[in-house]
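Below you'll find the structures, each written out as structure tokens.
You will see two complexes here that share chain A, one where it goes with chain B and one where it goes with chain C.
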Partner chain A sequence: MTRSASPSLPAARTTGRTAPGPDAPVAGIWRGVYRRLTGDAMIQILVIAVLLIGWETVTRLGLVHPFLLPRLSAVLERIFNNMLAGKVFTDLGLTLYRAATGFLIGTAIAIPLGVLMARNTAVRWFFDPLISIGFPMPKISFLPIFILWFGIFDTSKIVMIAFSCFFPVVSATYSGTLGVDKWVIWSARSFGATPNQVLREVVLPMALPQILTGIQIAVPVGLITTVVTEMLMGGPGIGGSMIAAGRFADSVGVFAGIVEIALLGAVVVKGVERLRAYLLRWHHEARH
Partner chain B sequence: MGATASILWRYTPLLICLALWEIVATAGPFANQLLPDVKQVAEALWALILDGEIVNHGLRSLYRAAMGFGLAIIVGSAAGLLMATFRPVRLLVNPIVQIFYPMPKSALIPVMMIWFGLGDMSKIVLIFIGCLLPVVISSYNGARGVNPFLIWSARSLGASRATTLVQIVLPAAMPELLNGIRTALAFAFILMVSSEFVIAKDGFGYLISQLGDGGAYAAMFAVILVVAMVGFTADRLYGAFVRHQLRWREP
Partner chain C sequence: MSGQSSSGSALPADEVGIEIRDVSHHYGGRNGQGGVTALDHINLQIRPNEFHALLGPSGCGKSTLLYLIGGFIPVQSGTIATARGTVTGPGPERGIVFQNFALFPWKTVLQNALYGLEKLGLPKKEREERARHFIDLVHLTGFENAYPSQLSGGMQQRAAIARTLAVDPEILLMDEPFGALDAQTRRVMQEELRAIFERTRKTVVFVTHDVQEAVFLADRISIMSARPGRIQHVLDVAVDRSGGDEVMKRPEFVEIGEHIWGLVRDQAIAATRGAH
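So, the complex of A and B:
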């Protein structure tokens, strides 16, 4: 199940539209309208709309204390004001910058190391026990050490994020590269491919699905780590802003932060899914 | 090579790293403050064990993680199975899953603080939410991938919908579900430590930041290594459990 890392639920989107309702009561042009209105996508949008309207109604009626759950309109207004003030962009931009830098550093070390581990016994002997121990550890617990070594500014955050992203990618690269079919490599060699060509044209493309699965694990972990580091060290960045709002009992600010980071997370995670689909457009998984 | 020798050979790199740590700590360019040596850390750990501090804080943390993780497994696998079986449930739950899935769950820490205060409940709920989504998604994907012939056979033999769900769909979805639970286990530890770093009065994360703030760096390193080992051990135990559970599967 290589697709288990992908959270998209394709069956839920398609079944309702292709299967006609068992008791579609109307004919002709109305059947199409009826089907569209009762289609899965429409109902799911409706569910979200009902939830949002419910949020606003419950808070307007005063059923929930506004400190526990501020009005949706107040949260949206705050986000709008933050956008006008540019705060949304500096916060999200800084968070994204830290997450992306850490992720790129971690991946840039992890992929070559994973390939080397699969190809060289000495490298494998040295790193295999370290990585099999490091992979399941809660890396975030090392954060105070990085703060001690690198201070409370961007360096310690980025090192922490790189450290968190490193393990899923290196172990996925290692097992992906190791699992490449020997026959394919032998064929390439017998056609006269140099070791470099075999690596670039055969091994890496065939290991790519697994590497991307590792990356799809590393990205959410990296985002979680970024937010925690920002919350702990404060300062600009979405995590720091949220924890400051929490300390000042500004629950509108906290919820605005959640909506903003949720949007950023959605963009990043969907972006990685798109990237996977693009990079693997030659692969049989793209035909599903 | 005997069995002991080969295990020793396998873990030699760890010993090399320990030796490197010791050399850098004692002879390296850093002040001793930044990197306590192995002996100091071991002594600090022993002191923490003797006065019971690490055990008390650790049990507090593990209680939170176990509660959130356990609830997430029960609710999540049930939700995933129901989503795969009943269209109304799927249409109701799927949009919520889709919205919450990409959100970094640590962003919920301040809300948990507002809703549940500084006690256990805020961490349990946070861990529950963080573990829930991987479990729901893996349970749903696993149940959706069940061979329909198995379900049709069971139904035609007179099994009720509930029986089919429990006796056919759940076992068939088990491999994928157990995989999702492993992801959830990792999230449980990450969120446990993170939430205790940010807001807590006890627990591993609190102990680490308290020792760090007090400048007891050797003790801080000791607790961090213990947390790392606990996370590693939990994952290994879970792996053994999965192999035992899935021994009925054809290899």
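So, the complex of A and C:
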């Protein structure tokens, strides 16, 4: 069988190629670095730097009472000393452990339940009103009852965090799964995929962008809930340390906590963004 | 080439065909009461290895008929049978290509083409060979590792056609496959589809509302009426197709096109008036 001399591929050959070709390695990297330095990242860093310099200047000039706003350098010194003492790591570690455990438990329940709701009418009838009521309500109002049920240590905190993370993920999974169009499912079925294979191989990957959006909402919600429960319940952890510092009128200690939690939040949220970009590298949004 | 030798189906080619007997279909309502009648007592024999176009105005139920043949929606009344027996659900011997391509967007072109072959349980080496053969057949060589979102509409539809052809279906169902493409791309795709058909000789059912497209591609054309969908005419397009693109300019083609347009025109008008 002979193939026609040159395959007629109109226009598409040139317009279709958006993936980096083999011809663009070195120049491409430098262009990327340049764009990074001059683009959004640079502006973000600049804004934060201006803010921090302003903070230090205002406090050094004595324009604000150091009790209300301590010097940035004093705060950084405190963080440094706390690092040497290991306190930063136990605080951050504990907070991160609670946030991650709660988030994982909440998500592990939310994703299967969201899928079930999209596929089973009885499950949907039962959970839809509960989730409609639960989603907008301040979940932290359950904390007193969770403390009564699960005690004053980690369990009640983690349950509280899981509970907060559950709602954005379950509703994103539900609508994402429900929104998968029938053509792709029919395609898979026509190749002989069983219902279970259709779910695993088609529905879940198709719903992944939405599920990840739910997760991206749940992650900061989980961090907020962690710090708030720690503040309310005390003990080690960033929230607890900040409340303790506040009780002793130690504003440097409070600001040290704020800076630590800001850094932790930024790192975690960026990390989830990276994960999304990696998991959705096939998606339109991966190419801007 | 492996694809050519394996394109012979399990059954003798002349036994394959589609028998549609007294098929009606309703949407909405209960027990046939109320709702919309999409198909009204359809009787149609699609011959083995013919390229058959279902032509009609939008909303005439031609896609519904195609989905019934595909087994994607259950037959409510009447029967649809192929050489494999009565249709009760989807099956790999009835491949389908949709207007919106319906590729798996998280899979590359190659992985898409491999999907059906994995379901068939072929050995890995053969899967790979067949997928690459059909990617080559639709002129996508060099784009095996591209994701659908990186491709133009025409290329995505090529990939979808390769994915469906790779499992070597006896029947190829096509639901306005070029409807989402621009005019130039559509023209090229039509030529290539006809060329692929000449080489692989499957039974093709091709849904379209484009008279020219139907005349250019099909051996026979069923013209459907506006809702409720009925088969109004079945026409043979018995013309010499050698010469590719130039064919459309020949007087006999123009004549058939005019004739069919005359038949379709009233239905198209009825459909636009009845739509609201």
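Note that in this section the second predicted complex is superposed on the first by the 241 of 288 C-alpha atoms of A that agree within 3 Å, B and C clash if a C-alpha of one lies under 4 Å from a C-alpha of the other, contacts with A are read in each partner's own complex, and residues count from 1 in each chain.
The rule we apply is simple: a residue touches a chain if its C-beta (ideal position, glycine included) is under 8 Å from a C-beta of that chain, and two chains touch if they have at least 3 such contacts.
None of these values were measured; they are calculated from a predicted model.
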Could you look at A:109 and tell me whether it touches chain B, chain C, both or neither (first, second, both, neither)? neither
Just checking: does A:257 make contact with chain B only, chain C only, both, or neither of them? Give me first, second, both or neither. first
Of chain B and chain C, which one touches more of chain A's residues? B
Classify the contacts of A:284 with the two partner chains as first (chain B alone), second (chain C alone), both, or neither. second
On the A-aligned overlay, A:191 touches which partner chain: chain B = first, chain C = second, or both, or neither? second
Can A:129 be said to touch chain B (first), chain C (second), both, or neither? first
In the overlaid three-chain picture, which partner chain does A:74 touch, first (chain B) or second (chain C), both, or neither? neither
With the two complexes superposed on chain A, say which partner A:242 touches: chain B (first), chain C (second), both, or neither. first
Residue overlap on chain A between the chain B interface and the chain C interface 1, 3, 7, 9, 11-12, 15-16
State the interface residues of chain A toward chain C in the complex, per the touch definition above. 1, 3, 7-12, 15-19, 181-184, 186-193, 197, 202, 205-206, 208, 281-284, 286-287
The residues of chain C that touch chain A in their complex are 1, 4, 67, 70, 72, 89-92, 94-96, 98, 100, 102-108, 115-116, 119-120, 136, 139, 141, 143, 145-152, 154-155, 163-164, 167, 184-185, 188, 192
Per the contact definition, I'd like the list of chain A residues that touch chain B in the complex. 1, 3-4, 7, 9, 11-12, 15-16, 40, 43-45, 47-48, 51, 67-68, 125-130, 133, 135-145, 147-149, 217, 220-221, 223-228, 231-232, 238-239, 242-243, 245-246, 249, 251, 254-255, 257-258, 261-262, 265-266, 268-270
Chain B residues touching chain A - in the complex, by the definition given at the top: 10-11, 13-14, 16-17, 34, 83, 87, 90-92, 94-111, 113-115, 133, 137-138, 140-141, 144-145, 176, 179-180, 183, 186, 189-194, 197-198, 204-205, 208-209, 212, 217, 220-221, 224, 227-229, 231-232, 234-236
